[in-house]
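Chain nomenclature is as follows: A, B and C, assigned in order of appearance, with residue numbering initiated at 1 for each chain independently.
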Amino acid sequence: MRPLLLLLAVGTMTFPQLPTPPPPPPSAHRLALEVAERIVSQGAEAPVAILVRSSSQALSDGFATVLAAALARAQMGPSVLNNVADPIQWARANLVKSLVRLELRVENGQLIARGDLFGTWVNFWSGKAVTRPPQPAAIIRASVDADPEVAAILASSSDRNPFRLTGFASLPLRTAALAAGDLDGDGRDEVVALTDDELVVFSWDGRVLAKRNHRKQPASPTPCREPVGSVVLVPKTRQVAYFSCRLGKAEVLEFEPSQGSLKLVETADAAPIARSGESLLWTKVLPGQNTFGPEFGAKGEPAVSLGQAFWTLSYLLSSTPPVYLAVFPGGTGTLARGGPSGADRWALRELGAGSGLVDFEGRGVPALVTSSPRFHSEPEEVRVLQLTKAPTLKWTAVLPIGLILQVTGADLDGTRRQAAVLGVWMPDGSGEIQVLRSLPAE
Amino acid sequence: MRLRTQLALAFACLAIVPLALVLPWALSNLRRTLTQGFDARVASAMIAARSVLEQVSKASTVGAEELADSPVLEDFAREVHAGHATPSTTTLGERLMKSRGLSVLSLLDSQGVTLSSGHLPARLGDRDPALFATTEQPSGREPLPVMVEVRGDAGPLQLPALVAARAVDYGETRIWVVAGILLDDRLADQLSRLTGAEVTIAGAGSALAHAGAADAPNTEKTIDFQPIARLTFAFSRAPQVSAEGGILRAFVLITGLGLLLAIVAGWVVARHLTRPLEALTTATRQLAAGSLGVSVREESSGEVGDLVASFNRMSAELKSVTERLISSERTAAWQEVARRLAHEIKNPLTPIQMSLETLAAARIAGSPEFDRLFNEGVKAMLEEVERLRRIVDEFSRFARLPKPRLAPVDPAELVRQVLALHPARPAGVRLKTEISNGMTVQADRDLLTQVLMNLLKNADEAIGGEGEIAVRVRRHSDGVAVEIQDSGPGVPAEHRARVFEPYFTTKADGSGLGLAIASRICQEHGGRLELDATAGGGALFRLVLPAPPEP
Amino acid sequence: MKGPKQVGPFWAIAAFVHFLCVHPADAAERGNYGGTLRIAFTGPEAQAEPSLADAPADAALFQTSFQGLCRLQSADKLQPVLATEMEQTGARTWRISLVEGARIRSAGGLTARHVAQSWARLSQQGTLSPYRALLYPLRGEGRQLEGAILSSSMIELSTAFAWPDLPASLCHPALAIAVPIAGGGAVGLGPFTATSRGDVLEENLSFPLGRPYLDRLKIVFANGRRALRLLSLAQVDLVLGEAEKTNLIRSPLELYATYLAFKAERTGADFRGDFEGAVDRAQLTQFFAPTASVPMFNLLPPALMPQSATTATRASAASKRRAAPPLTLLYDQALPEQRLVAERIQVRLHDLGYRIVLKPVSRSELRKRWALGQFDLMLHAVLMPPLPAPALALAIELAGKHELLASELPRIGAEAEAAVRELKVRERALALAAQLPLIPLYAQSAVLSASPRWYLPFDGQGLPRFDDAYAVGE
């Protein structure tokens, strides 16, 4: 029964609607073969379904065909998915045992295929219920030198997209917090990332400028289950204030750009959550949990209460009036103009855990970048919403791998046009920082 | 045998005979009734048992049909048709079986493979040829007996069961529902309690289930479920037998009691009847023995009462008559004695009178012979007076016999003494003595000596100087007897009765009082004097004295 | 964890195994703190001894308040729990640092002594357990660990022979730290702590991995059908140990392996062949132990080695045993499917003339009888670690051939590469299968039913992680 189905699947999926795809450029061909080898070596279970995305549909199709052929030679029973709303559901329903999701892009002269290999086998005992949440099980990463044709194809296709997602840096652990600000006064923002081991200051192009390792310090008596923390930068004073739930306390550091060092200024028990002017706004962390608040405020000043504990607090001080966004557990949020207790506030729904305000245009009008609101959504989405009275979706893209947990805006090229810096949690426990840039209209 | 005993026995027999006649008849009747009752009970128990088994088969059939029509099985058939075997089929059979009160349930597919089994869930997936064979019967028939494997302690057991098979179809898929009830200990127990018999379910030669108990002796009935099983009902006749025995024992007891009662009642009644008769008998005996005036004082009624009254009257009359007779005899005896005395006295008085008259006449006549006549007359008169005096002395001696002063006397010693006192005998007299010693009588020594001497003198006179005198002292049935026997001519028979009368004598000069005195003395002692004749013709005088009771 | 990471063909399998495991906090959203999870537990009672709480449902419940030094996120990824670091300081030595200041309720702080005593119980009379095979490579076989204690929070373990899987072996639930307390019972350190109300477990704020998302767990003891009914009436949120097909959640790792242990002198030499001919494992798992089980033909479950149908010589099906005394089959009375399996075995072997009497006993009684060797037949189930080499050690120990460990394990441990080790294990498992008086039957995974509003991930041992569970919004 199953081989028939597969044959049917392969037939419908690859041949009827589309014309035979053009043969892919040699680099893509090579990449496909390498990816096939990786897939086989990771021990994928036949039959395998393949989903390839890139900014060029033709390239995706060609790549997928070569990949399928290679897998078929390796007795993997491949089928290629196209235009399937829910690939995982499809895979389960069609008794496919593994699903490969890949994204193709060109970066630094390399054609990179990134994706995951995913087991979708469902024991028939489990009936209709999900036996286990689908998780990426192995990362497939392969790259070859991109030849100019591929670069051209992808580059030209990318015109259709107003946004581009690129990588920025990798970290051994997942990010607990992200912040960006110009600490060294060079006009471009530095990106500061906090993990459970260390605090890292990156330059605008992803180089490590300074690190502070706090792993050696004793753990708090009420440790956090997830990497939880907050980082606030005060560019004027080159201060980096951070709170790590692992430590259970906050540290205020001073960044010394010439030495590339971070010097401890003071410690505190509360968590720095935002900045108002030059002063830090502090809040409490519920012990062992991943929420802050509900109150926050500057030291010595009356606190602002947001009514309930919140996951993240994002703010755009460059807009007039300043806009604050608080995201609460459950995906609701509050947007307030004119300061955290601004009069003009409205409630938002269906926000993801990774949400932030980003000023793409540089005109002080923030857009809302958020992750997928669905619980355990696969794959992860990044959404850019225009902040009108009712936020409207401007753009969305699918992340082939990883979950977005932090979003912050950073002016990485000095043009006052911010890019969204995303803290992405990888399934193998590592973290990545990716950047979503808005491409100027041409 | 005494009347009383006779009567009592007659009563007893009277009581026994009807009982003895009734008992065997009653017993046989009872036995017949009990047997009938037992047979009726057995028959009704078997009917009940058969109806239970019918219900069981009906339950099997109905259970199978109801299951075949139920939505549960439709769902199951659909799943089997679609090829899904669900985990719950393992327990499906057990649940359905329990909820419908069956003890065998198998769901088989069209090849006979078990899809679910309630009685042996572990058989899932195996072929079951025994139960599959039952599906070849067209539906609507009676359930079939078949050997079924069920759970046991050390593995599966084979037990007989009544099963019915029905089919459930879904498309081309056919599922067989084989449902039924086991013929196991539970059913045997139910049947046993219903019928009161010992139920054994046997199959393949061995007993597979058993319930109840029936003591021997038994009657057995069987119900067969060929060829698988046979139900045997053993009805115990022990109660009947024990009932019979009980009743027999009761009968025997009653009979015994009745007998006893009859004997006792008879005895009582007989006593009541015979007591006056015995009193009468005793009185009559007493009367015959000589006591006068005996009356029977028993109260009695009827004929016996008349008899007693008559006896009493008779006895009183006899007494008065006897008294009159005695007094008249006594008067007659005294008259006789007086006559004899008068005669005796007259005899000497006549010569006296004559002499006196002669003298008187001679004096008048002045006869010269008066002196001679006077001397002769006085001599004659003195002789006659002497004779008169002797007669009077003896008479007064007879009349004045003193009361005997009784004292213990040894008769042997007394007799020897008397013999020693007796004057010497002439030579021709032989004296033979047979004297037993060791006896004692209460007697007056002197009087008894007198009697003995008198008797010896008589004996001497009888033999006249030649002959034999035997003196014996021996025990007598009435006491002690002293016998003096002579070899003389004896006393003629016509005189023997009168010998002891006073003034009877055969001797010329006897007074005739000796034996009378002796007899009187013996009577005073409470004994008697007898005269017997002997074989030799001589006289035997026996003196019988009562012996005092032995101390 | 710092240690040499190995690459190779084994990791193909491991990675496959890796597929199926969930990593912590993989939610697209952050975890929601708060809430009470009401759990219906279908076992007869909560086990108090780590080596006895090995059935998946028991282990899942046990782990809520008793944790070990580490936890496997997947076969190759080890997450330290009560240890902060497990550093290999030499070819055969590991230095383990315990978390500082971790307090065990009513037993003071966690010390190395607690660890040593806890592990020593596995080798003691009265609590002898097959899981002592996991500690076999240690010097002294894990019986006397006092010498390994460097300080109150540091232990240095040295193995008698090279055994690279040692750290992963220490993550087994049977090696959880349980500290006996006066009055019977034991306490441990876990994401939840028992309260004075016996059926409620509260979050442990000072759990080294961070407090669990849930505020508390409420345990209800109910048998299978009642538990499912409570779930359908929404009176409980999760049923542990039983599932209907509509609500079934299975961990993908079938590591709870059930074997039929037999005494050859009692059953006769033909027993294995008779058994193989009489009992079909596929049927056994399909009908008699249906929930979450797969047939197991070889010494290790399918999750650890690819199965090859047994090559035991089959005695002719007509071989009969006449007039032999009946054999007693002991099984765990707390596991309902073992009753069905035991009955199936009884019935199938009955056809070949074996008379078998079934005897359900408690799990502690079962282990005692295993330790003394006092049984004819026994259905014995153990939770295999997700690594082939320790699993083989456990299987050999389970078969009662402790002495074989001395010859088998060093040869396996001598292979530094995991893939080669795995191949060797596979080969040894096939070779030893005929020697060990153990017939593999089936392997099961943890089974639960839950309403969809709860997110419940599984760990590398195939057990649900309640500390990472939380309610998902409607």
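Simple rule for what comes next: contacts are C-beta pairs under 8 Å (C-beta built on N, C-alpha and C of every residue); 3 or more make two chains touch, one makes a residue touch a chain.
Note that the structure is predicted; figures quoted are calculated from it, not measured.
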{"item": "Graph class of chain-chain contacts, one of line, ring, star, complete, other", "value": "line"}
{"item": "Closest chain to global C-alpha mean, per-chain Cα centroids", "value": "C"}
{"item": "Centroid spacing, where centroids are CA-atom means, of chain A and chain C in whole angstrom", "value": "37"}
{"item": "Rounded Å distance between chain B and chain C, as computed from the means of their C-alpha atoms", "value": "97"}
{"item": "Chain A and chain B, separation of their C-alpha mean positions in angstrom", "value": "129"}
{"item": "Sequence positions of chain C contacting 2 or more other chains", "value": "245, 290-291"}
{"item": "Residues within chain B bordering two or more other chains", "value": "87"}
{"item": "Residue list for chain A, restricted to those that touch at least two other chains", "value": "125"}
{"item": "Chain C contact footprint on chain A (complex, rising order)", "value": "41-45, 117-119, 123, 125-133, 135, 137-138, 218-219, 221-226, 245, 286-291, 311, 329-331, 352-353, 371-377, 380, 403, 405, 425, 427-429"}
{"item": "Touch list for chain B against partner chain C, complex", "value": "85-87, 89-90, 120-126, 149, 151, 153-156"}
{"item": "Complex contact set, residues of chain C against chain B", "value": "245, 280, 283, 286-288, 290-291, 326, 340, 343-350, 354-358"}
{"item": "Of chain C, residues touching chain A in the complex", "value": "11-13, 15-16, 18-33, 77, 99-101, 203, 205-213, 245-252, 290-292, 455, 457-458, 467-468, 472-473"}
